[in-house]
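Naming follows writing order (A, B, C, D and E), and every chain is counted from residue 1.
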Amino acid sequence: MNFAFGSTEITAFWLTLKLALSTTLILMLFCIPLAWWLAKSKSWFAMLVESIVALPIVLPPTVLGFYLLIAFSPQTLLGEHYQALTGQQLAFSFYGILFASLIYSLPFAIQPLQATFSQLDKRLIETAQSLGARPLDCFISVVLPICKNGIISAALLCFAHTVGEFGVILMIGGNIPGETQVLSIALFDAVESLQYEKAHNMAAGLLIFSMVILIIMNMLKRGQQRATD
Amino acid sequence: MNFAFGSTEITAFWLTLKLALSTTLILMLFCIPLAWWLAKSKSWFAMLVESIVALPIVLPPTVLGFYLLIAFSPQTLLGEHYQALTGQQLAFSFYGILFASLIYSLPFAIQPLQATFSQLDKRLIETAQSLGARPLDCFISVVLPICKNGIISAALLCFAHTVGEFGVILMIGGNIPGETQVLSIALFDAVESLQYEKAHNMAAGLLIFSMVILIIMNMLKRGQQRATD
Amino acid sequence: TPLRVAVASNFKLPLSEIINQYQENTGNEVSISSASSGILYQQIKAGAPYDVFLSADELRPDLLIKNDLAYENSKVIYAVGILAFYSPNKKVILNELKQSDNDKIKISIANPLHAPYGLAAKNILQELFQNIEVFKGTFITSNNIASTFQIVHSGNAPAGFVALSHIISTKVPRQDYQILSSDKAKVPQAAVILKRSKDKAAAKKFLTYLSSPEAIHQIIGYGYEVVKPITVEKI
Amino acid sequence: MLQIDCSIKLNQKIFKYKHHFELKNRCIGISGDSGCGKTTLLRIIAGLETNAQGNIKLNNEALQLSDENFIKPAFKRDIGFVFQDTRLFPHLTVLGNLKYALKRATTVKFSLEKVVEAFSLTPLLQRKPLMLSGGEKHRVAIARAILSSPQLLLMDEPLSGLDSAQKVELLKYLKYIKTQFDLSIIYVSHIEDELKTLSDEIIYLN
Amino acid sequence: MLQIDCSIKLNQKIFKYKHHFELKNRCIGISGDSGCGKTTLLRIIAGLETNAQGNIKLNNEALQLSDENFIKPAFKRDIGFVFQDTRLFPHLTVLGNLKYALKRATTVKFSLEKVVEAFSLTPLLQRKPLMLSGGEKHRVAIARAILSSPQLLLMDEPLSGLDSAQKVELLKYLKYIKTQFDLSIIYVSHIEDELKTLSDEIIYLN
């Protein structure tokens, strides 16, 4: 435990960036196919999956964290297998908070993706097929570029949401610098311990950093839009 | 206050429902026009607004709550005017947490809406104009129904996100039964005070309730989809 | 309107019971708002409509008094929290901790930066090991003492410095914990009456009730100690 | 009477239009090579090309005066448009599409029943556009534009998807309503026959 | 050789197709009233109507055998389609659309340059579809389908947006590639002239 200040914030910043990027990347890879299936399928099963996948938003983060804590403990299947496989504990590790972030941000990736996909003109898919494009090819060459805006939107929500994530990580992170002490936790710590100036500085930094990311993403979106019109 | 179990949760449940419905309704009314403007406008100003509007997600909820608490205090402009106008305090009141929820959930409404709108076929708007539809008429009779899925998605995210909202309300709500003690706070209280059974029951109830809402919303979406195809 | 009491979350359970009795005896209504002492403190500074504040430490009530938000002579120590070393099945024995355990054994602890129980734990460790910096990789810091307990209780850490009150209210078997009797393991919890209270008399009456034999019985039953009979001076 | 003196730049190329059409219950046919700017002309008249510069007057009422920075918005111009790519509203049934136009007509000159009959749309009324054949879509698009009862109707290759029998019949119908219902038409087509049958005057753009 | 014995239910109505087309470097013209099921026939052949029941064989290779629950997916059928509503990819330029087809051709029979020249697409190559005129879109759609070098090319009223000069020229070109490049065509149109110029056999559906 590091009781000294200073480089704490910088470590926390990099950790946050790493966590947010990993979460966004993994969620996009996983959710794009899932959302596509959800948008196309009309079955009751798909509807059920869609609803389940949205559930993590309604659980207060700290409560979600509490249940994850129980799920991560070495007595459970998940915790036990993870420990057997890696020799490490899931809670209080980077992979633990990554896992939690994935669950927590899942709905924010799925929802916009699905809305985008369901709006796609299905005739263009027929066209790609008639030109000999296999399903995956068609998806990559037609669906993804046309739905670019929705995908960027989903990635944006995921990223920002993970940066601001707090309650879950508070529960299962253990506040370990360089491993689980993300910016949001460090910031809250500062508020709690009455170090207001430090808190204000960090909040300002977080906002400026996020603003930059958001502006870049929005520029991408707008650039794309202009070209399509 | 009633210490017998049961009625606390029921009060909290109704309060949560009221808060989530109000937030969703107000945000939809406000964000639909805003998102439409954002999706259409290519100006730098719009891009800036878009990025600012997304900021609340990156601030950890408790930290956002901390700053709102400062903003709400009767020493500030906002707090002072509110108190002068209503004779009441903004923090620790239902309107206070409603205001906070609105800010907190804003990005979750804007993002999917904007993605949806930007995907709309602009030729249909020209068509409506040529048939004599005024801009508002055109928006209501063409844009909204065609973008229904994205709008439902946005409403869903807002609603669910408000139900699960925690950190902000904890900060500025003050945990007052019937006024600001929403379900998520009551649930956290139960966890904090080690009343696990109570916590499990409430979490289960929350999940079932949300599941029902989500399934209904998804049915609406799917029904709509089927009819359009 | 009921009397509004803001209570640090670690004391919410005993307080609920005490208030049940209090309402029965006096007919006066009391409502509870609970959160961590840190959050309650922020809220009070922002004008929260509480009458009485039961903190988990002495620092925050003192700060409120300094800021002229609470009556100086209303401050009382309503309970003294006791730190315990909790390790199910005695996986870790406190006195046998070695520097070589660093990184291998995880110990749950409340954040000493702002949680009073965390500070107490840090002090104890310092007393035992002088230089605790060598245990860098050992500690898992939580934001409050309830999560500190939950982390051990759920099996995610083999041991932790927790509040005795949590051990007692979850009926942890006696062999799984060790009560730390050093003075440094004590956490005096102070209460104050807030200046914005509209009903000082009721607040005072309630605070006085906290030192009644019935209340003390409850407080002790939950694993706290009390200091000399508390009296609320004239305010 | 329609006076146009406009120009517009598309893809670095400037398209210039200087025309004076006598309209009153007449049909002006417009032909010209593909890509010569026929659709663009109609779009300018309808007010859909906001980048156009110049002046337009319809029956002495100004639709656009660039000098005065005046441009009447499309929805206020009493001008109907049958688009080359039909553009039916996908969320409405055929009936919904027709009613959409009818409700927004400034003066209702046509009855829904009569138009539905003239275009043989009865069996299609409850269908969504995605369930229509190419020719069916074109018929609905024309019927919809007529039901909005415009002063001037712009038609961009409206009969391209129809079979010969239907073409003959609809041309007859258009001729009939043109004189009976005080309607002026500007009709773009590549097909000489159609143009000759309907138009009182044919103009070749290039 | 194409053997079809299929039926499909659309809007409670059953469309039945029982045909035997000799294809080898030939063009089959198809005509019929609007809404009689021409597009539907092409869609079934292309494998885009998954609800169709029955059997289809192309040059003795099965495309669909309902008894054996076999249906060859559209992307595996070596069949090109010029859609009535063009369907250019909006996110790609004209060149992008053409290359899209070229890249996915199983055997490349046509060179991009030659086709671009034959359809006079050079000035359009860098434009997005939204910036094209109606006729230009149709030309790109035909060129794209040809560049995918299919064994069989299905064309649904492909020349409807073009001017007469272009029509004549493109019909000539289609005739030329049909014989030179081992291509079979099924050509749907309402216009007798077109059908007669191109087709070796004309079939009237109803």
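Things worth noting here:
Throughout what follows, contacts are C-beta pairs under 8 Å (C-beta built on N, C-alpha and C of every residue); 3 or more make two chains touch, one makes a residue touch a chain.
Since the model is a prediction, treat every value here as computed from it, not as a measurement.
Each step here moves to a touching chain, and the least such steps from chain A to chain E number 1. Number of steps on the shortest path from chain C to chain D, with steps defined by chain touch: 2.
The largest tally of C-beta contacts between two chains is found for A-B.
Farthest from chain B, judged by the mean position of CA atoms in each chain, is E.
Set against the Cα centre of chain D, the chain with the most distant centre is C.
Centroid to centroid, with C-alpha atoms defining each point, chain B and chain D lie 45 Å apart. Chain centres here are Cα means. That of chain B falls 35 Å from that of chain C.
With centres defined as mean CA coordinates, chain E is found 29 Å away from chain D. Inter-chain centre distance (chain C to chain E, centres taken as mean C-alpha positions): 79 Å.
Residues of chain D in contact with two or more other chains: 85. For chain A, residues that reach two or more other chains under the stated contact definition are 66, 188, 191, 229.
The set of chain C residues touching two or more other chains comprises 39, 42, 150. Here, these are the chain pairs in contact: A-B, A-C, A-E, B-C, B-D, D-E. Residue ranges on chain C touching chain A, taken from their complex, read 36, 38-39, 42, 63, 106, 108, 111-114, 133, 135-136, 138-143, 147, 150-151, 154-157. Of all residues in chain C, those touching chain B in their complex are 2, 4, 6, 9, 12-13, 16, 19-20, 29-35, 39, 42-43, 45-50, 144, 146, 149-150, 166, 169-170. If you check the complex, the residues on chain A that touch chain C are 1-3, 66, 69-70, 72-75, 79, 89, 91-92, 170-172, 174-176, 188-189, 191-194. Across the interface of their complex, chain E is touched by residues 10-11, 31-35, 38-39, 84-85, 127, 131, 133-136, 139, 156-157, 160-167, 190-192 of chain D. Only residues 123-124, 126-135, 137-138, 141-142, 145-146, 148, 227-229 of chain A touch chain E when the two sit together in their complex.
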